[in-house]
Amino acid sequence: MPLGIDDALPFAVVLPAVAAVAAVVMPHWGRAVGLVGGLMTAAAVVVIAFGNRVGGPIRYALGGWPAPLGIELAADGLAVVMLALVATVMLTAGVYALRYFDHDGGAEPALFWPLALLLWTGLNALALSADAFNVYVTLEVVSLAGVGLCALGGRGEAIVAALRYLLAGMLASLLYLLGVALLYVEHGTLDIATLAQVAVTGAAGFVAVPCILAGLALKAALFPLHFWLPAAHANANAPVSALLSALVVKAALYLVLRWWLAGLGMGLGPILVQLLGALGAAAVLWGSVQALVAARLKLSVAYSTVAQMGYLFLLFPLAANPTTASTAWAGIVYLVVAHGLAKAALFLASGSVLRAHGHDRLGELAGLLPRSPITKFAIGLSGVSLIGLPFSGGFVGKWLLLNAAIVSGQWWWVALIFAGSLLAAAYVFRIVALLFAQSESPIDVAPQHSPMLMELPALGLALAAVGLGFAYPALESTLALPDMLGDHAR
Amino acid sequence: MTTVQWLPLAVISASLVPGLMNFFLGEERHGTRVALNIAAAVLKLTLVVVMLAGVSSGEIYEVRVRLLPTADLVLHADALSLLFVTLSASLWLLTTLYAVAYLDGSSHRSRFFGFFSLCVSATAGIALAGNLLTLLLFYEALTLATYPLVVHRGTQEALAAGRLYLAYTLSGGMVLLIAVAWLRSLVGPLDFVPGGLLREHYVDATKLVVIFALLVIGFGVKAALVPLHGWLPRAMVAPAPVSALLHAVAVVKAGVFGIVRVVYDVYGIDLAQSLGVLGPLAVFASVTIVWGSVRALQQDELKKRLAFSTVSQVAYIALGTAVLGPIATIGGLVHLVHQGLMKITLFFCAGNLAETLGIHHVSEMRGVGRRMPLTMTAFTVAAFGMIGIPPIAGFISKWYLGLGAVSVGAHWVLGVLMISTVLNAAYFLPTVYAAWFQEPEDPWPRESVSTRTIETRWMLLLPPLVTGAAALAAGLLAGGSLSPLAWAQFIVAQEYRP
Amino acid sequence: MTGLGYVVVGLVLAAMGIWGVVVLAHPLRKLLALNILGSGVFLVLVAVADRGAGQAVDPVPHALVLTGLVVAVSATALGLVLMLRSDDDRAAPSRDQSDDKGVG
Amino acid sequence: MTPAAPWQAVLLIAAPTLPLALTLLAASRGRLADLALRMAPWAALPALAAVAWADAVEVSVTWLMLGSHLGLDATGRAFLGFTAFLWLTAGIYARSYLTHDPSARRFFVFFLLSMSGNLGLIVALDALTFFLFFTLMSLASYGLVVHERTPENLRAGRVYIVLAILGEVLVFAGIVLVVAASGYTFPIAHREASSLAVGLLLVGFGIKAGALPVHVWLPLAHPAAPTPASAVLSGAMIKAGLLGWLRFLPLGVVELPGWGTTAVAVGLLGALYGVVAGLSQRDPKVVLAYSSVSQMGYLTMAVGLGLLAPALWPAVLATIVLYATHHALAKGTLFLGVGAAAGPRWLVVPALVLPALALAGASLTSGASAKAALKGVFFAVSMPGSEWLGALFTVATFGTALLMGRFLVVLSVRADTQHTIGGMAWGAWLVTVLAVATAALWIPGAQLVTAPEALWPVLVGGMVSLLLWRYGPRLEAWPRVVRVPPGDILDPLARWGMPVLHKALSGERWIERFERRGTIAVADQGRVLAVAARRTERRLHDWRLVGIALFLTLLSMVAVLLWA
Amino acid sequence: MNLLLGLADLVLGASLIGLGWSALCTRDLFAGCVRFIAFGLVMALVWARLRAPDIALAEAAIGAGLTGALLLAALRGIGVSGWARPGEDRDATEEPRP
């Protein structure tokens, strides 16, 4: 049987898994296995993206069993966007990690590649699954791989943070599972597309839907349930922080999008969508304030993730209005990608700073940031995208959300975007100002020079985040709402 | 007529590409950098001149790129664009020369010239923007490109000024963004149309008034309209070429250029008048004119005095825009160029005083005319121009403003001009007096350049002399066909075409 | 009827688990609580699968719970490892006070 | 007017531009500057030539400013005549007067600039060129006023520049209104000159013309300048204000009784007040300056008359031109004479009696002719109080004679002895004396007046002066009788006004204090808030709080769902 | 029969809740772990009662057995001295000392 484009779907899941196992088995070949496996996975993603572009949503039944019993994989526009984001960040962070762990004589933790590949497996599987329970399993795989990476080679704080991350993650998963179980009690199915339509019609739905939403909110670190995120992201190794902030939290959000897209959003009613939006707003404001007062660079960046995740919950109020649904939708997806790229870039660049100085206390970094313009540009450009200034992907996302808010007459969200952008500018420029500050100590502590392989990935991601600002026409068809509904909303 | 696409892009790239190249040029490659920047500036000026000739003969230059849903990135060269882009391109060349000499031997020059060029690119983008969204995009880009210049010195003071600058300009930018998004949601694409794009649409008047207010606030921040001007005097910590650029060419001009665009090409004069928004704008501008002058009078620090003077002078342009009728409009538009020439001269001269003799305060300027006669001659010409003394450029602006206001019955504007002239004289004449009529007392605060032949380095001296002469010529030869005034009349003839 | 009873028990266990995770301080207890929460959820699923005497058992929840058990034990194991590692770390106070604990 | 022939055009253009070009040369260094200085005294020659040969012609330069038009009409020709003459003699005089002055070059820079402005504004036919040269003259003559840099000079300069700028502003606004009403700058037309415009112009040019009460700079500034500069300031430049009125006011076009009456009243007041204030002065140049205030009062009255009675304007204009020419010559000669008195006083003081008589209006002099003409036009119109006019004129003539007597007395007691002048200067001065002596014969429109009423008040005034000098209180005691400080109302104004102004301008202090305090407060507040934010965030990291949050979130969602 | 089964269900349910509660709430961690193992065994019975023998086996092996073993091993690892203060509650975002 000749291989079709749809056969690429299982490959996208299986290849990283195989590579992960191989990396465990052959610890000395970890890098090679990781890179080769990564490249092959990326190739599969490219094929899927191509197929989606040419022929629309792709479906693949694992082992030949159709949906209700067997496991079905499907790649619609949203999935492709997610796969592409994951592949980009994974590969870049991987390249970065080549030098990150060893350039000052240290050794790469043996489990880095296996766990990263496992994470990739989980993320790809998550992106391609349409079944409420499979999604739970992939969510757990992602969580566990994430926790493992977080604890990797780290000392005290990182372990403590990882433990809390694990506990919170499990609690979230189980809450989600509880919701799914309750829905199953009522409706007897696990298909998201079906469940989302009927979720809030049955009695159990009144408890199940909040459980699902709360579980996902906890996983996505929505204020006030963000307590586990800053420490975990700030204390992990830089490439891991990038993966966690750019991808892992997005996994939960991806599920939110899936449920919403399948029709859950429409059933929630006007008050609940505003309530979720309000939590998002609180996250934007509080996360930004914390990023602004944080004493450490990576902590500030981590809080920025809390803030940026808040924007994504504006999906509920903004997309609930049919006239603005597609605009808001495109805006949210755009923000997901733009934030993923920019945040990964910022964490990678922070890692270079931290490596060069041995610490990342903002108060002591004035004028001592790396000499090379590459990292400076990476910090600056990713900051621009995070604030949402033109020309950058963040701007496009924000512009779309703003338009949705204005057209649907929800002026309070306009005010939020206004305040959020300014707060973002405040915390970003707090960091950027360090690039221009004069060294306070007369003795110029010559910082170690970061290797090119650490600087270029950061710059590459930052450039991608900015370049995304010009990519809207190219991505428009992929982001369009009807296409996204593709397979899952049968 | 054919539509030429490459030229607007080339004009922007002529500074953008060398700007980016600067960053990756080693700090020590001084000669290469100087050659690169000067060559780029000359190239850009050449391109602009080509475009100038083309536009005056009816050629159309336009590029359209899709960027967002129902919002294109449009670069379009019309007469108004050319007014601004010519100013920025020619002053960029001079400022580059000046900056080369001014920053001689200091650190971070690659960064400086890089952002300097980016700043000019953003300005060109603003000038050539063919719709409101494009204008907004480059407007924000300008904020980003100028921030590093403001904080260039990296001191605590500079960083604080940078923070303040960002706080103001980014807030303004967000206000603008909201206004643009709102307007777009009401009427669709926002391509500039002479006479106003809103002419074709029927929109609730209240909404239009609110949007107008938002737009003016957004642009008013950079234009430093009182009370949105707080950042400008503080931004004076930047090196002199930056101040020169900020005040004369890039930032404040971008703001006021935006206001001009909004009034003429978005709302249109008729609509703006019927909405009753021009009166408040004129009052806004007038308050700024007077307040800026009063504050300038109170400053002893030369650059701060000049900064507040900018606050006041730039509002003339807004005033000319807000006062109805073609004559006042000519006055406002031509002041865009005139103020640029005069203010850049003043900042060059202030920079020369600081760089050569360490003079930073008006009280230290005693007798400096004898030590640096050429610099102070240029300074005097520019200062007199600012006051509005004929035949220097500033007089022509004031003349048209006053005449335009009176011819539409707005006599009070004449009063504002009178008060402002008196105040201008009150804060400029003492500097001129001190320089020429007082005896030098002590040795200069810090005399660092000592040349036998001329008073300071020639690359510091030449730019102010050229701009000073240009300011004089722009007024003296205003009746000529190549003067800024003639161009402003050309623009106005298009805007007021029935 | 049996099923419904066990659903209730499952919910009570789940509630207890959530309560435990939140309120109990010791990480080990939190892990226990999470396991109890998981058991509660599984119980709900399996209780529904048992559609009463004479009717066929729904195989889907059984498959799910089996997977869930494996996931739960992996997570617990990871949690315990982390707990032990962080305890080691606490036992060495010098590391705690070292300047570079933000690193990595 | 007809377009000019090429050589006429050259003369017209050269009149203002030759001094300007010489200025640029003089400002340079080296031999060129020396050359320029040597040529400076003769810079007014093209203007004189233009008077002779460029009558009633016009040159247009469209690219200059907003289109420039130069030309000579009848009025302009007369003004250019006496102005160029005075500048020429003053220039020659100055060359010798400043021989030993190290900063002579600087003096000539400003001298030439002022000359360019003064000549240019006369040949300017359009509004903007007039304003351009008017401004040039106003600002450049500041350099003449403060030339000697003594504290008094500098104070005079300050007062001068403040009022000059004020004048500029008012004139600018007035011109804008005039041009806006007519729609073009050339020719200057008065179709519907508004009352506002007239008011602005009256005050604005009035400052230059030394009209009450904005004359205060004049008694300070005219004497402060070096003598040749005083001569042109008081003789020629003061007439620029007058010419401004003639050019821009709707004279002979519109009847403006309000402004007309005001101008007549102010002029009359000025004519009398100048005498009173001048009598108490101890400096000959200050006496002359007040005399100028007084004489310009007459001219102000005439302009007022023009506003009152448009029909009468041609006659009034002729009178004004005559009077202005006469005054320019006489006052210039008197001022130059102050410098000459440093030499043989026995010769100079008697020679000065001639212009003094002319100024007072004694028979056979140009003054008598001018005053007669003035009286003539005033009697031609009937207005309230015109029956008093004859008497008033007599009193004023008497006063002028008294003032001139006072001048001669003061001069013979305390002349300027610092500067001695050389042969060229003597020659120039003698030419002026001659010109004044014969003025009644050659000034166009002047007649030889022999009426006794033109003589006796002058004689009485002269006698009184002589008696006072011989038998009255000593010179130094005079001010105790009538004490008017130079600049009269300025002193109290400054004493009360300046502190208020300073207080107003020292606003900087509180604004900046406010800003600084604000910044500190914000920073403090920010730090407090940051600490609070971090503390709150740490609390949020407590599992129990998270539990409550989770519970509340769940509960609220359930509640909302149930409620909906 | 039904009554007996119902009684059994009641006992099983009650003991699940009781064991779970006491596993969480005993002061002694070791006792808590032991009770959790017991909880797992009861759970296995419940699975069996609910006609899910496969899960029952898995629960007995993994839930009670493996987890229990891991817990007890971990308890030994902590020793008696550890966890005087609950370490997980340490907030890893706190500022490091300068």
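For reference, chains read A, B, C, D and E in written order, and residue numbers begin at 1 within each chain.
Please note the rule applied: a contact is a pair of C-beta atoms (placed from the backbone, for glycine too) under 8 Å apart; a residue touches a chain by one contact, two chains touch by 3 or more.
None of these values were measured; they are calculated from a predicted model.
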Going only between touching chains, how few steps reach chain C from chain B? 2
Quickly list, by label, the chains bordering both chain B and chain D. A
For chain D, which other chain has the most distant CA centre? E
Between chain pairs A-C and A-D, which one is joined by a greater number of C-beta pairs in contact? A-C
Tell me, please, which chain's centre (mean of its C-alpha atoms) is farthest from the centre of chain B? E
Identifier of the chain whose CA centre is least distant from the whole-structure CA centre: B
CA centre of chain D versus CA centre of chain E: separation in Å? 105
Would you kindly tell me how far, in whole Å, the mean C-alpha position of chain D lies from that of chain C? 98
Could you put a whole-Å number on the gap between the CA centroids of chain A and chain B? 43
Chain A and chain E, separation of their C-alpha mean positions in angstrom: 34
Where chain A touches two or more other chains, by residue: 157-158, 160, 163, 167, 231, 234-235, 296, 359, 361
Going through chain B residue by residue, note those that touch at least 2 other chains and give them in order. none
What parts of chain C, by residue number, touch at least two of the other chains? 17-18, 21, 25, 27, 30-31, 83, 86, 90, 99, 101-102
Can you tell me which positions in chain B touch chain D when the two form their complex? 294-295, 297-299, 384, 387-391, 396, 398-399, 402-403, 406-407, 411, 414-415, 417-418, 421-422, 425, 429, 437, 475-481, 485
Tell me, which parts of chain C touch chain A in their complex? 7, 14, 17-18, 21, 27, 30-31, 34, 37-38, 40-41, 44-45, 48, 58, 60-61, 64, 67-68, 71, 74-75, 78-79, 82-83, 85-86, 89-90, 95-96, 99-104
Would you pull the chain D residues touching chain A in the complex into a rising list? 530, 533-534, 537, 540-543, 545-546, 549-550, 553-554, 556-558, 560-564
List the residues on chain B that touch chain A in their complex, please. 23-24, 66-69, 110-111, 136-138, 140-141, 143-144, 147-148, 151-155, 158-159, 162-163, 166-167, 170-171, 173-175, 177-178, 181-182, 184-185
For a test of understanding, state which residues of chain E touch chain C in their complex under the given definition. 5-6, 9-10, 13, 16-17, 20-21, 23-24, 29, 32-33, 36, 39, 43, 46-47, 49-52, 54-55, 58-59, 62-63, 66-67, 70-71, 73-75, 77-78, 81-83, 86-89, 96-97
